[in-house]
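Each in structure tokens, the structures are laid out below.
Two complexes are shown next, each including chain A; its partner changes from chain B in the first to chain C in the second.
Moving on, here comes the complex of A and B:
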């Protein structure tokens, strides 16, 4: 009996070599290639940022490794350039514009998803279309506005313009999220004695937190790396953001100071990477919400 | 005082859909009123207007003697149990029940007293710290009920609260709800599509169809004297037999039999209504009767249903379960002529 049972069991299973080989071909090798391609630029950045200029320009040295690592480029960034100032600027701008955008988007998204008012649908589409207008078209009228309000070289120039593309994006994302929350929960809260705003902040917002965090992360990432508006509205070295500062100030003439550039780029990418790794669970939940009911 | 009254209430949705059409209904203080009808008949909309979750297009709704048309839900002193229970997923059972009281600024000690008390009544004590997703369907249902009870409202609104439960639990909860109604001394308005729930729980039943109220009466009255064919067919299982018939004086003639009515209805044609249990396999001497050609036999233990034909008409009869009948048999059935109904062909209203 036992023998028969065992032979029947092995019959249905595939041979061992097939299973392991299959797993390698289907899972491990593609993943490995993907990771290699994704992480290689980071590796290159790290290696380059720790090389001395001498080693960087040595034709005979192996470009893949560092022989004598040095913190020289980092030292330059923090003590001889305005890197710290740019980092501060970028952080302030990213947090402020993300905050403003989230606040507006939560209210707008909720209203469009829940309140029945005339033209709700057209407004929803209007917001979506706003998002489709490319910044390369918008920067001219925006520049005029910035000039009128005397905001050139002022952090507010960016804090106020980034929401123009962040709010439509976040609102659109949040409409979908709010719609996935059963209406009855709010109705129950209303009957239980809550006002519309209380029902929203006590019931809907806590439940929409994964969606709100996702929207916030997108907004933060977009404002952190934004280039065009920052390039146009900020000319003063003191007020530049990281992407513009690095490109404009660390490339002098046609000299590329690769060590400094790579060190700066690496440092600039760390906050976003940290942010993602903290919220990755929420982020995934936010992305897949609505795909499956429940 | 917590009577509820609908006065000529109409609800029209965008696109001119008429959900509730000129509804007038008075619910007495501490009454258990059941609104029953098929889906889309406007019963839920009627309830949601009372809760303040839908605007009222025309007419007035009063709770006690206050018109509540423009009053937000939180000021109406009502509690509602939803079909999906609508428990707040991010709050514990305790917080779910306490939410309404917190919103009203009830002192903490009082909240705790009421929640503990309700939890005891509903046997939720050990579950207070759990989240809704860790509860079974029946437990969730009790939390939803508990959330309503702690509020000590004047009126309880229940929107199909039992439909997500399995059959056995549904019967238990039905009995539990009746007990609670008696204990709480509050007005209950209960919406369901299930005629058994309506019959068993309601002090009075309001039958609705296509937004129009058909009849309001106690269960016995609805069953024995339905106002029209719709109510007659909706209440009772198996459903009432409807047979086209012609009338001459007090004699009513169908395709396969003739009966004497207790009095002359004064029409020439109509639809005869006979409940399956008005037919009996023990016809009394001299009683009118009919011959049923049996096609299907259903034995339910306590009951036996015979489905067959008399002449050209399909007829269902409820007989003694010990009677031995095979499909194909002919059975002589007696008719209790005091329990006959006759409906107008055009208006479908009850004549007899």
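Moving on, here comes the complex of A and C:
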């Protein structure tokens, strides 16, 4: 792809609408293809979820469109399955583990970015190194640990374990963010007699809010969709999360009821999609701030 | 993803008198602020990690409390197991092949999104979508698209170029290819958006100057864009490599190892052996194999980051 990498600012010198064939070939057609491939599975989810079982199994109909839309599958989810319970569980777990992770990583991020003490460097590296230990490496011993704590089928099993993979990333992101805030702001507050903690909570944390928000979104999204721990620690239908409930309980044996499955997948995706549609700018800004510091 | 820097912890260079005064209190506060994080990581990460190492050299099984030391027996056993060996190579191929595609497509995406065009915000949000949606759920949608009888992809193939259908999840090679496709579909946006963030930090006057000097677009890309994207790129590569190496949910939901356990990766095979199979020691040994692989990947990235500075 030898498309010129020019940034926005240079563009303004040129007419924005040079409707040449070149522009179509270089930009619009590839972009259209990307978006088509990206969005098609979601279109397919929507179409499937509104089809009756009869229409789904009709080999002769054009599968691309719905002829007689039905809400049957959605009704099933809310009245004949535990979907609402799973939704509630997932919401509680995602909020709680995001809260714990943000609390821990704001404190740790501030300490590592701003305070001077022995061992700070090694602790910073230690937190970074935890990337080497993803859930895939830990799930078996962690299951034994959860058993020791009698937390099987308890939402706390997930609320307490999710932060292990959320905190390192959030801390890492926030260290970068805290460092981008001028030290002078804090120092003048210290000179005026504020304590470190006051300076931190009244000055640095409010200024770092976009970074905290983007760390929070990241944490929320990951805990919303986490699968492995939830699959192992939650065996009781009542305590399952959305991804596990959908995969384990809505697939019955070898039977895939695609209408229900797609309706469930769609509904379970909406909360995170909404979150991003409102905050996508914060999210990209958070990433950009990190990049500037590189 | 976001933070594209390595943590550079507060350094030691010269400070004012104010700092000397608060130094003492500073270090106490520093440790205090780290307590919650350390506590969480020690209990739920370090402890199970060490426990996992013990399990990998023991014959622990579900329902059998009298496990004892078996040395490297589990590892030796695994090496002679053809499914383990195949899972290992699947994992390597999965990481290597998808990374190449995700990088290429993500770079194209970033360069496209960096242009000015109408509906830019929509395009950016749309392209990010696969990466946001819980992968279990989008993978389910793909599984339905790969369905043996009702595959929409086959329907499109038949009605557009009149070719026969592909037995997507039915044979080893096509099933592996399907796993790769879904991973690329899901992962490329992450590269795209992160690289876009990187592109937007490159000062436009560099391109200006290059154009004045008569550099072609390709030269500008090679001499300005790529080198300046390097820090972002390395971090993106590292995170993506770790996530792909250790991926469990995508292969689990798409094929669950089928056909005949030929499409397992280390993560799904460790799960099969350890959870439904109940051989915790053997399973722990399988997932522990990931550790040196990840360590090599991370060291590689860190060394290249260092050499730049």
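One rule holds for everything that comes next: the second predicted complex is superposed on the first by the 270 of 294 C-alpha atoms of A that agree within 3 Å, B and C clash if a C-alpha of one lies under 4 Å from a C-alpha of the other, contacts with A are read in each partner's own complex, and residues count from 1 in each chain.
Operating definition for what follows: contacts are C-beta pairs under 8 Å (C-beta built on N, C-alpha and C of every residue); 3 or more make two chains touch, one makes a residue touch a chain.
These numbers were taken from a predicted model, which means no experiment stands behind them.
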Partner chain in contact with A:153 - chain B first, chain C second, else both or neither: neither
Partner chain(s) touched by A:91 [first = chain B, second = chain C, both, neither]: neither
Contacts of A:63 with chain B and chain C, given as first, second, both or neither: second
Chain A residues touched by each partner, larger count belonging to chain B or chain C: C
Partner chain in contact with A:207 - chain B first, chain C second, else both or neither: first
Partner chain(s) touched by A:182 [first = chain B, second = chain C, both, neither]: first
First, second, both or neither for A:191, with chain B first and chain C second: both
Contacts of A:237 with chain B and chain C, given as first, second, both or neither: neither
Touched partner set for A:272, first chain B, second chain C, both or neither: second
Footprint overlap on chain A, where chain B in one structure and chain C in the other make contact: 187, 190-191
Of chain A, residues touching chain C in the complex: 1-12, 16, 27-28, 30-31, 34-35, 37-39, 41-42, 44-45, 48, 56-57, 63-64, 100, 103-105, 107-108, 110-118, 120-121, 123-125, 127-128, 130-145, 160-161, 163-164, 167-169, 171-177, 179, 187, 190-191, 196-197, 214-215, 218, 221, 224-225, 227-228, 232, 242-243, 246-247, 256, 258, 261-262, 264-265, 268-269, 272-273, 276-277, 280, 283-284, 286-294
Residues on chain A engaged by chain B in the complex (per definition of touch): 182, 184-185, 187-195, 198, 202-203, 206-207
Contacting residues of chain B [partner chain A, same complex]: 51-53, 72-74, 76, 78-80, 82, 84, 86, 88-90, 99-100, 103-104, 147, 151, 157
Chain C residues within the chain A interface of the complex: 1-10, 12, 15-16, 18-19, 22-23, 25-27, 29-31, 33-34, 36-38, 40-41, 44-45, 47-49, 51-52, 55, 104-105, 107-109, 111-112, 114-117, 121, 123-130, 132-138, 140-145, 147, 150, 152, 155, 185, 189, 193-194, 196-202, 204, 207-208, 217-218, 220-221, 224-225, 231-232, 235, 238-239, 242-243, 245-249, 252-253, 266-267, 270-271, 274-275, 280, 283-284, 287-288, 290-291, 294-295, 298
